[in-house]
Structure formats: C-alpha cells, structure tokens
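Paired with chain B in one complex and with chain C in the other, chain A is shared by the two complexes that follow.
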Partner chain A sequence: MSAVETPASSELTRDELLDAYRVMRTIREFEERVHLEFATGEIPGFVHLYAGEEAIAAGVCLLLRDDDYVASTHRGHGHAIAKGCDVKGMMAEIYGKKTGLCHGKGGSMHIADLSRGMLGANGIVGGGPPLACGVGLNARVRQSDQVAVSFTGDGGSNQGTFLESLNLAAAWHLPVVFVIENNGYAESTSPNFHQAGVDLIKRGEGCGLPGISVDGFDFFAVREVASEAIARARAGGGATLIECKASRYFGHFEGDQQTYRAPGEVEELRRTRDCLLAFAGRVTSAGAIDPGELEAIDEQTRALIDEAVAEAKAAPEPDPSDVGTDVYVSY
Partner chain B sequence: MRRKRRACACRSVAIFTATTGSRFLCLDPGVLPAATSAQPPPAYPLRVSADACVGIVANPASGRDIRRLVAGASVFGNADKAGMVFRLLAGLGAAGVPRTLMMPAGDGLSSALRRQLAGRTARDASMGAPFPALHELDMPITSTAADSQRAVERMCAEGVAAIVVLGGDGTHRVVAKACGDVPICALSTGTNNVFPEMRETTVAGIATGLVALGHAGPDGLRREPVLVVERPGAEPDLALVDVAVTSERFVGARALWRVDALRELFVTVADPSAVGLSSLAGLLSPLARGGGKGLHVRMASDPGESRVVVQVALAPGLVTKVAVADFETLDPGVPVRLGAGDGSVALDGEREIECHGHDRITVRLADGPLRIDVDAVMKRAAGTPPTCVDLS
Partner chain C sequence: MARTITYQQAINEALAQEMERDPTVVLFGEDVSGGMGSPGEEDAWGGVLGVTKGLYPRFPDRVLDTPISESAYIGAAAGAAAAGLRPVAELMFVDFLGVCFDQIFNQAAKFRYMFGGNARTPIVIRTMWGAGIRAASQHSQALHPIFTHIPGLKVVAPSTPYDAKGLLIQAIRDDDPVIFLEHKVLYGTEGEVPEEQYTIPFGEANFVREGDDVTIVALGRMALVAQQAAAELDGEGISCEIIDPRTTSPLDLDSILESVASTGHLIVVDEANPRCGFAADIVAQVAQAAFGDLKAAPRMVTPPHSPVPFSPVLEDAYVPSPDQIAAAVREVSGAARARPA
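Then we have the complex of A and B:
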C-alpha cells in the first residue's frame, strides 16, 4: 500500500480572514447601495444584484491570482469585486461614466478588467463557460499553470453552451473550474419547473468530470472545495464542477417584484443563513478576530461605497467622439 | 409540492404467502415462536397494527462531499437513491405495510422517485404486492441536517413503527438524535460507511415491514452504542461511530481528512477492515460491535511521543500514516474529558463543534438507537408465518 500525500492545511491567517470579510462586506455594501440608487432612475440599463451570495465569490476568487481568469454572469458585481476590480471604477461603469472600468460603454453586465483576470460579467446566459475553456486551452498550449473559473446559474446550467463546455473541458483536459451558483431561481422559475429533478453535479459526471456540492452560504466550505478544485486544475488534474447552493436577496433584476418568492423568505434567509453573520460569528467565537475589527471594516467599506457613488455621479459621461474607440484591437 | 398517493388494497396475493389478506393482517400470538435468545428482548413499545406506517429518510446530500475530490470517492447519484427507495417500497408492500411517510428530498431524488412510480405499469403492479401509499411530509427544505432531524421528529410524532434511512454515517447520526426507540433500518448511500450497511433495499423493505407489523422476533432488533458528547451551555450531541478531535479550527467543508491535525479519537466499534477513523482504532485493538466497550486513542503531538505508527485507509483512495501515543478501552457510562486546545470536534467524520482553550467537553459511551437486524429478521421469517404458511 502506498501512502497518498495529504495536501497542506488550508488554515487561514488572521490577515486572510480579515481580507475575506472585507471582500464580502464590500460586495454586500456595494449591492445594497446600488439597490437604493437604482430606484432613483439615474443608473442606465439593468442591474442584477449579488447580495446573499458573497461567500461564493469570496470563497472562490480569493484563491486566484491576477493571471487566473474568471468568466462571470449578468450577476457579476460580486465576482468583479472579489477578483480585485477597482470599486470606484465599477461604480462609475454602472453609471455609464467615462471613468468607468470599461469607459462607460459596458455597464453593469459587462464589467471587466483583464489586468485583474476579470474577463467580464456577461449579458448572455451561458456565455461564460466557453470563454473559460478558451483560457484553459491557452494555458495548456503555453504550458502555464493558470486556471480559469466559470460561474453559471442554475438556469444557465441548462444552456447548451454550458454542457458543451463541460464536455470540451473534460475531453481536452482543461484547467477550468465550473461553479454553478444555484440560487434556486432561473429569473423567476424554480428548478422544480426548469429541470426534471436534476442532480446538478451529475452533469459533470455525465461528461466525465468530478462533481461536488457545497453550502454556498458557508465561506469556509466554499473555499475548501474551491481550493481543492483549483489545485487540481493547476497541477494538471483537469476540470471540476462545483455546485454552490445559496440564495439571492434581491430580485433577478432591480425592479423585479419577486412575486415568486414565499412571504418572509428573504427576511428568514437574512436572519438565519446570512454568510456575513455566519462568518463573523465563527471567527469571533473562535477568538481569532475581535468584533471591533470587523466593525471597523464595516465603517471603512461604507465610506468607500459613499465615495464611489459620489464620484460616479460627478464623473463625466463619454463624449460622442468616444464611440469609435475601444472597438478594435490591434495586435 | 405534489404528493404521491397510491390506492392501497390491503388484501393482497403476496408473492410469498398463499394466504388471504385478512389472515396476513391479523396477528395470531399463538403463531409466534417463544423467545429463544439468552438476551431479554429490548423493552420498547412495539407498535403492532394493521395500520402500521413506516418512515423513509433518504438524504439527497449523502455521498457528495469533498471526499469526491480529495480521495477519489464516487458520487452517489440521487437517481440511484430514488431507485433504492422504489425497491424498498416493493419490499415494504410485500410485507403488508399499508403506508409510508417520506422526507421530501431535493436535487432530483423525489422527482426521480415520482417518475419511477408513475412509470410502474399495470403489468408490473399485477405481478407483486401493491406498493404502500407514499406520503411526503409537508415541510420546508433547508438543504441542511436540520431537514433529516425535523423529518424524523415528525415521523415519530405521527407514530411510525419503523424508519428506513438511506444515508451515510452523518445522516444516521442525525436520525439517531431524534428517533428515540423507533427501530431504524440503516442503509448505506454515503462514503465509506461504518454504521449503515450496503444492502439490497427490497429485502431491507421486507424485513422492515415485518418488524413494523410485529414480526421482529427477539433477535430482530439490536441496541446500538453511541458516544455522547457533552459540554456546558449546549445540548448534548452524539456520534454513532467515532468522535475525533482535530486542531483544525474552522468547520469548513465538514469532512475530516487531514490526519496531520488529528489529536484524539473515540470509537464505538474498532473494525480493522473498515475505511475511516474507526479502522485506525481497529488496527490498534480490534473491538467487535456489540461488545459493550469502546476505544480511546491519543495521537502523538510530536515524534518523540509516538508509540506506534499505523497505516490507515482514511477514506476511499486515501491511505495514510498516523502516529499514535497511546490508547485505552472506553467503558460505558464513564465520561472522559477531551484534552485542552483550540480546534474542532468531528462527529462521525464530519467536523461539527468548535472548541477553544480549556472548554470542558466530555465523551461517554451510552445506549443508542435500535437497529433492525435484517439478517436476523429474515432468518426468523424463514419457515414461519406470515412468510411461509404451511398448508398441509
């Protein structure tokens, strides 16, 4: 019998814990604020808010390097923040301003920053997975240990592009981690109706990939599973499918009346399953972090979001002459 | 959620009795053999009733955790579990159980079962005994262990005569907390299970049905040991197989597989052929199940302390070495205090409790749930009514 080496412990340092909290709190405050500001009518287009699912973005993206890539969804603010995109640049982009990350041309659904490995939020359902496969192929050809992470929703996991990407990643042994953010609603439709009782992680197995399911409200659980999947991809072990079960607090889009949700459902989730409350409770009761430190982060984050909104509102819009820039790429 | 109702004709031509339905359902005490076992039958209220209801807890989350990635364990798909429940219903129906009560199970389990039941053709239905009526509990699903616990509490309140559990050690642990003296049939759908058994569910269904209708016999039920974990200011918790103390602080993905962090281990059974922590104990000092004793093992915190190095199959596909400082037998009823230090306590392989510094946490071996011994029930059923009715 040969002994199999167990991977090194993934115990988090104090700094890593504080960083994780900061990232999740930033996402939460960002989304809560956009929820309020959108109601004023100043923000063009649509926004799709991530509040409630922070543990997934933080649990996965904090394990990635700047040269690892993330392909996101229409609900991409969380992934962008967790991947290190500038919060002020993001807010300005959502407001459609020239100082935005994409010069105001993409808006909420196309926030991207290639220097941070954020390929972009994506307005096309199921549009991300094939992009992640491209990154994976690039890494394999260049023999780099970069990894691509693709986020998809429960609804998006029914798309042909998603299933094709699973198959391609398996067949070509690509370093991709597919994360399904199962929040129980494809827009307004429950999986009870848009799937015939599907065991989502078996979709991975159907294409020859390992699949695993985890509680998406639990930062530590998501991180542990993602850490394994990412390490596996980096080491040449190929792709993995992870299903993270969580829930979103706001509607599919801002303006969605959410009549499809049970009365008190969101209040109950905020009270009993909230990832930030759970995280804070755990790190303070374990004595690792002082509650005062978390409160300080809360205040700093709110101040940052206030500044981001104020600056975004004051920033200039793109002028007509910008319509021809950022369209073509020269090699 | 839609409920599946099946018309249940309690009169039946069961595949292995030649009797009429009414004979099948009337219990003639003169027909039961006298108790032959040396051990007195366990004192529990035996619900003998033609209206017996059997509970079914099939955990959609079992067999799907991080050990799929780190240890090459296979995923136990929910369609497979649905098939197991389908076959279980066939067995229960054949034994004459008229009603079953099931925990609603997401991730494809309940849906796949409904499809299988709907697909059961008239021809299939005419060949065997009718399936019991299957009712799903009307309860919210949180996709956490609380679901199984709530389901069992509801089933016991409804007066089920037995509960069939499809799950791993973790699922059975949660069920054991809530089932009291209602007998359970423990079937494995998890990863390297020590407590539940791998068993074809058709026969498990027949055996459970016989128990539910009062045909268990004196050896049909076995009292299982548990480890009770107590700490001030919290409800006591329990483990069916092992309690492990690890220096890993955070309850992350729950599955315990980093052996370098292991500090202490308590087990109810020490089987050297098992996979998992209890086999560590088994390789040091094998203890048969039902022997009335447990084992307490302390790991070496530095190489100088280590007395024995054991090579253990910690999880499917994962064999590793563990340095042991010492071990001793665990007597029932005697509380043993855990060593001091930060870390977490894993119950049946899943990290459940965080402990810090000098928390006063104790472990003691005690009596646990009643388990249906399928082999014993079927052995007693052989050649005796209602399974075999001599017409000569």
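Then we have the complex of A and C:
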C-alpha cells in the first residue's frame, strides 16, 4: 500500500512528512551516538535508549501543541526530541553539563522542558500517568482544549499508578491519552510472564475507556490512532488507551548484556522492523518525497548530533556551589 | 475583639476565601465533597469530619471527590501544579502517605531541582495527623519528620485556629509543595481569628509563652500540652518559655537559639517517634550551634519507639502528657542546680 492510499498519510502534507522523518531520524541518530559515546565512559550514570521506537514518539507528539503536555518515562529521549526539546541542551544534560536543559541536575532520566510541554522523563516506572491526569485536570478547570499524553512501558502498565490513573481519568473525564509502549521487555522480563498473555487494551476497557492496539513500528498507523484519540480528548470526549507494539534496539540500559534476548534478535529487528526504512519506502515509492530529500535530512541530522556532542563535551561543568540551589522557589 | 471560631472553621474559611480570590485554586481528595454522584450531593459530607463542608456547592467546578486512589490523585496534584493550577489535595489521614509517597517525594518535591530550577509545583497536601481519637496504628501517626527530611517540601503544623488560617493561606499562595498537617484533636479547639485574609510567613516560630528557666519546643497539639505542664510548673516556681515552630521546614532555629541562650535549658516535646525524629533534630542543631549556652543535657519527650496503640489506656500512655513534660523540666532544671556554677 502506498503512503497516499492510507487515510492518515493522505492528510499529511509534504512538510509534515519531512518533519516526521527528521524527528525520527534525529532520535535514531541521537540514540546511536549516545550508545557509542557511553561506551567511552565519558557519560556519567546510566541511560536508557529509545532507538527502534521512534515511530511512536513521532506519531504521537507531532500531533501535539507546545501547550499540550507529555509525561514520559526513563526511556524519554525520543519523547523529548519529538516534543521539541532542544537537542543540544539534551545532549549537554546527558553529559551533566551546566549548559544542559536542567543545568546538569537532572540527567538522562529527568530531562524536562515545561515550556515545550515536556513534563519530564521519569526515573520511577509508572511515575508519569498520575502527572498526566493532573495536566488533564488543569485543562478541565481552565476549560482549555489542552491534551496530556502519558507514555508508559509494558512494565509500567503493571504499576498501580497506571491502573489508578486510567480510572481517575475516566471518573474525572480528563483529556488524557495513555500510550503503552509495549517493547516486549519490562527491563528483562517478558510480558508473556509479567502480564500472562493479557490483552493490555482490556485494562482501559475495564475502566470504560476506548482502546486500540497498533503496530509501533509503523509511523502512519500510530499517527492515525493517536490523531483520533487526541481529537477526542481535545473535543471533551475523554481519555483513550493506545498500545503500541514495539521493540528496542538496545538493552534496558547501556551496558545491559541482554542475555535474556534470543540470539540474533536485534539484528533481525534492525533488518525487518525499522520504522525509518518503512517510512522512507512508503513515502518515496508513493512519489510523495524524493529519496534525495531524505538523504539531505540524514546528513543534516548527523551534523546536528556531531555538533551537539562536541558542544556538550566542551561545555562547562556545573559550579559545585550550585549543589544546593533550585530546591525551593523561596525558603 | 476578633471573633472566635474553631480550628476546623478557620481551615474551611481559608479554603473558601482563597478559592474565591484565585480561580486556579482547586480542592480534591477522598470525600472532600463527600457525595459526588450520590443522591445527597448538595448536602454532602464535606470531608469525613466536615472540614470542607459547603465548599462543593459554592465551587462546584473546583471541588472534586476522587476515587480511593491516593497515588493517582496526589500525583495529579503535582502534574496540575506543574501545568499552572494551585491544587489543594487532601490526604485524608497522613498515614495514607504509605500508598502515595512516590508522587510526593520522587515527583512533586524534586521537580524544581531535577529540572534545573525551571519548574514551580505549588501544591498543598492537607492531611490529618496525630493520636488521640483511638484510631490505632494506621490512622494516628505523626510523620512530620519524614516530610521534613525531604528537600523540596515545606512542612506546616498549626496549633491554633489563628495559625491554621494564616498558615493555610500562606501555603496556598506559596510556590513550593507544602505538607499542611491538621491535628485531628485540635479541630474543635476555639480561638480568635480575623475574618479578613492574612498570611503567617513560614519559618517564623511563635513564642507561645515567655519564661526564664527552661525552653520548651513543641508543635501542634503538643504546644497545648506543654502549656498545661508550664501552668503546673508555675506553681513550683519554675518558669517555662514555650516556642511553637509552626513549620518544621523551614525551621526558625534562630528563635530557639535565642531562647536557649536566655534559659540554658532545652526540652523538645514531640508526638512523633523518637528515632531520627523532629525532637532529635532540634536537639542536635542546638547542641551544634550553641553547646556553650546549655547548662544541662537537652531532653526529648516523645512517644516510645512503637506504633500508636488502640486501647485508650495504651494510647494515653503513648502520647506525651503534661506530667511527663513537667517531670523532664524538673529533671533538667534540677540537674542545672546540681551543676557547679
């Protein structure tokens, strides 16, 4: 099927298609590079990479406005990029530098930019869904048409906070879209075990919320269901649960030996399940975009990430005297 | 002369006046309306003890009952605050902290710091604390030391109706997350409270009573119990100064040090358990800052290192009493007399 034949993609302009590709490519390039740089030992702490799941962040977040909010997860770089966070500021933050988005106080797991509606990556699995309900309440009280998106992994969907939030959003009739990024591993544990074969969409249905499961490698499919859910939320129609079936190209964290995965699993995924390749194939074969335009974006993105890494490495460290600042607005 | 109302009425009035003044103030929690979706919605509970009664009919769009899902709605308060509201979330009993602590201490308290100063989280979590109504181990605790330990939180525990109103208005207008601890035994106590709105700044202790011989630091209900002890000791010629810190974070250490410099003796009375507690913290800070001012070792009067018991006999033995405080005062002042000048 060509891109122009799908309902969602037929609504996309050329600029939107190029923008979607640029965002997905930026996430991929960012994550592949962090993977390499982390191995040198120069990046402190730990990082959780999003590569492989780009179609979800782009498919959902590009439908959002700056004043819509996203509550993210520990695997948050993709959401942050897709929500418009400054890529160089993100890289500097991951390096723990003063010029980082959070001035080195947050790191990979707490990247946030409220001015872009990025309510933070979150180091606590299941930490985000209640926050998204709060954003939804804000919209309800102000009678605005803002929308909140809560991203959660398959692991996080077992947290009480997630299940409680589905019910709260239903009870309060909140404009929240809950997105489960089911990447097949809760750290290392398979949903075959930790969810015993349960259809996750039924968790939403159990709270009276509409739900739909979608191929998380397919940008157009994600965009189509997200578009409907976001429109419903904006129009006062309440919350929706979306499950995106996906996988990740890297481990739970960098350094994870991934002994729990099948031999060759990631190589096979990269060969057959790559949202960028699929996207490029569809838009070029449909004649909507020229392959050269995508190659140009690839080059620009590589240059951007090169600059981001170089600038992050050269950036000043935080001032040790700032260790106790930013705790309170006033104290 | 100002009018006299109860601690509970003072809280209700502060909420009503602030909701009237500021349309971004929202109030939610279990049963704060106390009847949404029920046949008697218009004359609903207004909280299990009626503290929020009348607010739902007055502000129907901004007073919400919640499912019994503390993690979800306390977290929602944090998210709503980050997005620009001023939520007042009620955690019915402070003991229920146990089911939603993550949303308080890993989320709300840390947003500003983790996000490099680029966030404000103006939430108030109102919650009922303390022993005294035979509510046993899971509805009677004093957990202010746990909150006080967390950077990013402010912790407030009024002991009078006047303080309750002024501190709650301050809490609602404050741009940081505030834990507002309402002592359940004090709800019915009366005091003079101005009708107009006023604020009491955080970190300013109240000199409840002036005295020369011993400094007693006491918070919440213990400020009243300490006054009973002080009245008893007056008859013995021992003069007690009582300081109510009103907020444990920030803490007005200067006022405590000023008093200890004059009396030379320190007793800290607290309803929380003793280990790593509020009393231990005050004693340590005074010892570090003003050891030379102390004429005898400071004393802590606290419950034992045990949960709050149910039986009235046991609960009465658990909570610090005027007699225990008086005995501690006699002991330190006696020790002072025995010490060579």
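Quick note on the criterion: the second predicted complex is superposed on the first by the 319 of 331 C-alpha atoms of A that agree within 3 Å, B and C clash if a C-alpha of one lies under 4 Å from a C-alpha of the other, contacts with A are read in each partner's own complex, and residues count from 1 in each chain.
Everything below uses one rule, namely that a contact is a pair of C-beta atoms (placed from the backbone, for glycine too) under 8 Å apart; a residue touches a chain by one contact, two chains touch by 3 or more.
What you see is a predicted model; the values in this text were computed from it and never measured.
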Mind checking the superposed model to see whether chain B and chain C fit together on chain A or clash?
-> fit
Rounded to a multiple of 10, tell me what angle the C-alpha centres of chain B and chain C make at the one for chain A, in degrees.
-> 120
In the superposed arrangement, which partner chain does A:S213 touch: chain B (first), chain C (second), both, or neither?
-> first
For A:G123, select first, second, both or neither according to whether it touches chain B, chain C, the two together, or no partner.
-> second
May I ask you to decide whether A:G96 touches chain B, chain C, both, or neither, giving the answer as first, second, both or neither?
-> neither
Examine A:G251 and indicate which partner it touches, taking first as chain B and second as chain C; both and neither are also allowed.
-> neither
Between chain B (first) and chain C (second), which does A:L137 come into contact with in this model arrangement: first, second, both, or neither?
-> second
When the two complexes are placed on top of each other via chain A, what is the minimal CA separation of chain B and chain C in Å?
-> 25
The shared contact residues of chain A with chain B and chain C are none
Complex contact set, residues of chain A against chain C | 69, 71, 100-106, 110, 112-115, 119-120, 122-124, 127, 129-139, 141-142, 146, 148, 160-161, 164-165, 167-168, 171-172, 325-331
In the complex with chain A, residue positions of chain B that touch it = 60-61, 64-66, 68-70, 75, 77-79, 107-112, 114-115, 143-144, 248-254, 257-261, 311, 317-321, 342, 354, 356-357
Of chain A, residues touching chain B in the complex | 1-4, 6-7, 9-12, 192, 195-202, 205, 210-215, 218, 220-221, 223-225, 228-229, 232, 240, 245, 282, 285-288
What part of chain C is in contact with chain A in the complex they form?
-> 24, 26, 28, 61-62, 64, 66-67, 69, 71-85, 87, 102-103, 106-107, 111-120, 151-152, 154, 174-176, 203, 250
